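Once you've had a glance at the structure underneath, I'll fire off some questions.
Naming follows writing order (A, B, C, D and E), and every chain is counted from residue 1.
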Amino acid sequence: MIVTTRASWLYFMFAARGTTLSRIWRRLTVNVVFALVMTLGHMQYGWLDGRDVTPLPFTLIGFVLSIFLGFRINTAYDRYWEGRRLWGQLVNTSRSLARQIQTLVGAGPGDPAVAERRRRLIYLVMAFPHALRIRLRGEEAMVADLGPFVTASELDQLQRERNRPNALVQRMAELLDEAYREGLVHPMHLSLLHQSLTSLTDIQGGCERIANTPIPFAYQVLLRHIVGAYCYALPFGVLLPLGLLTPVVVLMMSYAFYGLDALGEEIQEPFGSDPNDLPLSALCRTIEIDLRQRLGELELPDPAQPHHGQLL
Amino acid sequence: MIVTTRASWLYFMFAARGTTLSRIWRRLTVNVVFALVMTLGHMQYGWLDGRDVTPLPFTLIGFVLSIFLGFRINTAYDRYWEGRRLWGQLVNTSRSLARQIQTLVGAGPGDPAVAERRRRLIYLVMAFPHALRIRLRGEEAMVADLGPFVTASELDQLQRERNRPNALVQRMAELLDEAYREGLVHPMHLSLLHQSLTSLTDIQGGCERIANTPIPFAYQVLLRHIVGAYCYALPFGVLLPLGLLTPVVVLMMSYAFYGLDALGEEIQEPFGSDPNDLPLSALCRTIEIDLRQRLGELELPDPAQPHHGQLL
Amino acid sequence: MIVTTRASWLYFMFAARGTTLSRIWRRLTVNVVFALVMTLGHMQYGWLDGRDVTPLPFTLIGFVLSIFLGFRINTAYDRYWEGRRLWGQLVNTSRSLARQIQTLVGAGPGDPAVAERRRRLIYLVMAFPHALRIRLRGEEAMVADLGPFVTASELDQLQRERNRPNALVQRMAELLDEAYREGLVHPMHLSLLHQSLTSLTDIQGGCERIANTPIPFAYQVLLRHIVGAYCYALPFGVLLPLGLLTPVVVLMMSYAFYGLDALGEEIQEPFGSDPNDLPLSALCRTIEIDLRQRLGELELPDPAQPHHGQLL
Amino acid sequence: MIVTTRASWLYFMFAARGTTLSRIWRRLTVNVVFALVMTLGHMQYGWLDGRDVTPLPFTLIGFVLSIFLGFRINTAYDRYWEGRRLWGQLVNTSRSLARQIQTLVGAGPGDPAVAERRRRLIYLVMAFPHALRIRLRGEEAMVADLGPFVTASELDQLQRERNRPNALVQRMAELLDEAYREGLVHPMHLSLLHQSLTSLTDIQGGCERIANTPIPFAYQVLLRHIVGAYCYALPFGVLLPLGLLTPVVVLMMSYAFYGLDALGEEIQEPFGSDPNDLPLSALCRTIEIDLRQRLGELELPDPAQPHHGQLL
Amino acid sequence: MIVTTRASWLYFMFAARGTTLSRIWRRLTVNVVFALVMTLGHMQYGWLDGRDVTPLPFTLIGFVLSIFLGFRINTAYDRYWEGRRLWGQLVNTSRSLARQIQTLVGAGPGDPAVAERRRRLIYLVMAFPHALRIRLRGEEAMVADLGPFVTASELDQLQRERNRPNALVQRMAELLDEAYREGLVHPMHLSLLHQSLTSLTDIQGGCERIANTPIPFAYQVLLRHIVGAYCYALPFGVLLPLGLLTPVVVLMMSYAFYGLDALGEEIQEPFGSDPNDLPLSALCRTIEIDLRQRLGELELPDPAQPHHGQLL
């Protein structure tokens, strides 16, 4: 995620990094060069003489294309925002679950054995966001990130798991079950704790749904057919009235249309590590700080800092 | 569902399989041939001389048609995404229910009789998505798919059921009831387990709602009347300015309008086995792998692989 | 609800029954006749000579009218879909409540007195959708439909009730209360059953909200003023360029605008028995079949069949 | 709320009461008179000669204004519908809470002391909608409306309260607490009853949120600046082509734009007693009838009747 | 938040404070001056002679820009409204939690030690909104605002906390835990109280999500590129038909486009203290009054009053 400190209008006007330009400059260049060739060919050799094309069809298709693109970015933004909402929910559930563990597991604040038990459980809660991030970003190489939060044998077993976040939730359930059988948790409160575990599972499933389900193929193909046909046909519609200005106008319009399509592409997969993706690592860190402070730890890690203006 | 590996812009431009073209090429061809005949007739015999038709009405109707089509695909996409969300919820609920069965049913991890009981319950959880898939896709012939998850007598009874997923949930409730009466489940936790069963029933009902409720008939008829009238009248509106280019323009516009309508048709019924439908079989497999691993089974089936780029 | 078996594009193009035409043919005819008279008057006697009207205002108003109509049908569709969702939820809650009654009321499957009790409760669950349908459709004459599901004295009392569905839920609560006081239901599970009753009440209230709250009056009046002014003024805007084709164009545009408005009218009240309304009777039957089969009854009624392609 | 009995299209066309006209006739008249003066000035003295203004800017701004107005009424309608949904939820919660009180408080149906206790609680439930209506409509003078539902000392105390609905919910909680301490309510069921009280509080807060939060000021100002500038500049854009018809066209367009803005104003505050506001009094009455019948009272008040076609 | 008392249409037309003008007057002035220079240059020296630019591209881009801006303000408004909804939920949860503390903690209304305990808990509930406001607005200097609600040692500890609202919820959980261990709270009711704490945490997380997640960078950049290109190119498109009126038209259109963009900026961050932001301080006061009155305190603070028409 790109973090700006209330940058001015001008800053946004001349920004390049993190924009859609990096995705579309190739197709944009080809399109404008095509328009330039057509313009020069017409100017020089009269390629289009006697082949008057009115701008009418462009107005007609312009409507429907604009509305289609509008829904496109709206759909993409909904996915982005739902992804953010799920990770926000993960922050909330982690805090609530840690609080429940602190006050509902065990017999009062005094007992060190109980305190250790709570600590182990809360460390598993801290491990969950990391495991989810690793799964969503496909960072198999970073499983060691879970190391500080689990025991060596747990880490070993996690290595072999296909679905690590789910295994972590199962592990929490087992530890709670143990505590319940030893009479440290009231059956009523075990239900409450299980509801928080269910919430973790729902968050994981929601993220996987977004990560694994692309926008329907036919949807994207149709949109790109119309955008492509529009932008390549455009020179024929505006050459006669515009003359040498044709490539400029084609540039402006293609930028708008290709740009909106690319914007959809950019934000519809919010869990990667592109400049516009969600800062999953920073959110993992936020959870870690909150929970460690609740455990009374004094050496807290620093919040994640943006790197070249980008929070990962 | 069509699975692409971040294909390039060009790939999408020239894709044919899984696009709306397969649905609309007939009506598109007829429409363009009609435009061609009109164009040649006018060129040759002056059919339209003295019958000047301005493009004005096309601009006017163009607005309202674009907006109507925009809502059409939005409505269709909402159905698609709700279907996906329900199956995502099914993944989550299966994982949570299995975890609850593992830790809330029976007296500690040791007892093999209890372990067998849990295994039977979790196998019923695995059977549920298969039964739902069979029901939604009308695959009566594939009831045997449930075989590995239920006992022979249960399978026999399921054959005679009109509503198999519901019968499976009832079966789970009965097994839980038995465990409860034998004192293996705390009454509080039985409530929790019942809430997960209710969630399964809600998911089933949500899917049936989408599968059984078409877009209102009058909605579709009105849309198709306007699209049809527009596309067939279009040659009369653009023949004079465009001349021989008329069929090309009619092709572009008809493709956009028929295509958007067909796109709505394609994605509004997400539970079939068309190229753009949801990969229900793959999701059943995902659930199976997750749950078998939680049971500690070592021989896990492989995740479903796309077949010619399509996940079923 | 009109049920079609994946009808072809042509079928939709020439459908008449269940379309908006039945609502709008009068106003459409008057409008087109008016346009015809104006056209002939102008052709014959030059009514409009020297009163050039440009199509400009029609373009300008066309935008805002299109967007207004777009939101109009969207709002209407939301009501339709929410109605469907509520009845889908009714199917789900009935299944879950029946399952809860079967497994949480009484002492194991053996006792016939308990079985009879459960049967009575589940019959009340079956009666609820019928009572709700009767209330929503105002079918006072069909209260006898409740007969098969309640005792004679209950039926007698229901006749005198102003709010029958609510009385049925109260009756269920009383029977559950009896069972609870006799120790047949755990207090925890009584809570669970009460939550299902609350869900029934929420569904009823949601349906009543849709049935009793029209689209705000000022909203409809403003829309119809603009549509009416537009369609009657249209001939003056297009007569000069279009001449004798004016009535045809007026027909096309009026059909689109009146049709969209009538479509909103048609689907915004989803609980009637118009061709595009929801098939409440069929849903009542679905619930009945599901619940009877769960009770182990062998003589099941058939699912509702469409009558002349319409499911009631 | 204006109640019509499926009025005809013509009825809506010529309706005046309850429309937006009552809000906008002043600004509309001034605008049209301005257009008339400009038209006559130009006709007589050639004010605009040599100052050709093309309609182009009006088309350009027309788009964005239409879309802005579209979102405006959509936002307003969402507030209206959310208000209705909250009052619908109030109907539901009242019914459910009354049912819970009837069956979960006290020892069986026989005891008259318990019956009186239930009656007092249910009367407080009936008082809540009245108190909420009084608060939302600012009808301080009508606090006596609560008289029939509370004791004299309670009424006296309510007079001094700043937040009466909240005080009523607190009172219910106290009575339930008393019953709980006397062993008349199971602790489990007290939780259930408290959840219904929380639901009442949520409904109250939701209504207050809508009533106290206007559409952002900058939003309204910007919209009105654009609408005003558009409607006053319009004569300059259409005078040359339209001549004497200018005021007519200005009337049509200003009516559409001012009307849509006023429609937003009208429906965004749904709790007043304007013709298009929600019938809060009628809903209070509905709840009262339902609950009195559940208490077995035989003398029920009549449902609220529309007064001059308007339900308050 | 700007509070107006049903101001007239004229008031809105001539309002300046709290409008978007304060944000955009610079870029607007530069743009209009540019248009003026171009106009005069063309009039005087014929800069654009022979460089006819038709308005066509402006119509074409106008569509897509309008729709993009429409979604922009819709997205911004959704964030604003979600922020309001969360603070409304905070009002509700505070009231419900206070009621639960009053009736579920301790043994009847008589005991003063219990009453003091309840008072301490409810004071912590009052402190929460203040702590959240301080965090969202970054008002580190105002931590002393929490003073009246917590003990000196608690305040001291809060000073050192990174996440004060979360620490407050933890503190409530600890006090409840103490009461539970002393037998003053039923385990069932402790669950209920914990659910309210979870709700507080969810509200906090929801607010942080909105405050910390900007609209995606690429989204804003693309929008501003198109708006900027459009507004600066506009003079070339309208100079020939409009002549000296060009700067006026450019002013109108730039105001609409820059204004809509700035409106989005203004309302998308609802937790600041700009004129259009939410009145967090006033809401904190509302909660304080409600809860103090429920505690039976007689000296209540006054509701927050608007300062120069603005509620903070």
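Here is the rule we go by: contacts are C-beta pairs under 8 Å (C-beta built on N, C-alpha and C of every residue); 3 or more make two chains touch, one makes a residue touch a chain.
Which protein is which chain? UniProt says A, B, C, D, E = Bestrophin family ion channel.
Note that the structure is predicted; figures quoted are calculated from it, not measured.
For the pair chain B (Bestrophin family ion channel) and chain E (Bestrophin family ion channel), the distance between C-alpha centroids works out to 38 Å. Centre-to-centre, using mean CA coordinates, chain A (Bestrophin family ion channel) is 24 Å away from chain B (Bestrophin family ion channel).
In chain D (Bestrophin family ion channel), the residues that reach two or more other chains under the touch definition are 59, 63, 65-67, 70, 188, 191.
Chain contacts here close into one cycle, and each chain has exactly two touching partners. From chain C (Bestrophin family ion channel), with the walk directed at chain D (Bestrophin family ion channel), the chains encountered around the ring are C, D, E, A, B. Residue ranges of chain C (Bestrophin family ion channel) in contact with chain D (Bestrophin family ion channel), taken from their complex: 27, 51-54, 56-57, 59-61, 63-68, 70-71, 75, 161-163, 166-167, 169-170, 173-174, 176-177, 181, 187-188, 190-191, 194-195, 197-198, 201-202, 204-206, 208-209, 213-214, 216-222, 224-226, 228-229, 233.
Against chain C (Bestrophin family ion channel), in their complex, chain D (Bestrophin family ion channel) makes its touches with residues 1-4, 9, 12-13, 15, 18-20, 55, 58-59, 62-63, 65-67, 69-70, 73-74, 77, 80, 84-85, 88-89, 91-92, 95-96, 99-100, 102-104, 107-109, 186, 188-189, 191-192, 238, 241-243, 245, 249, 252-253, 255-257, 259-260, 263, 266-267, 275-276, 289-290, 293-294, 300.
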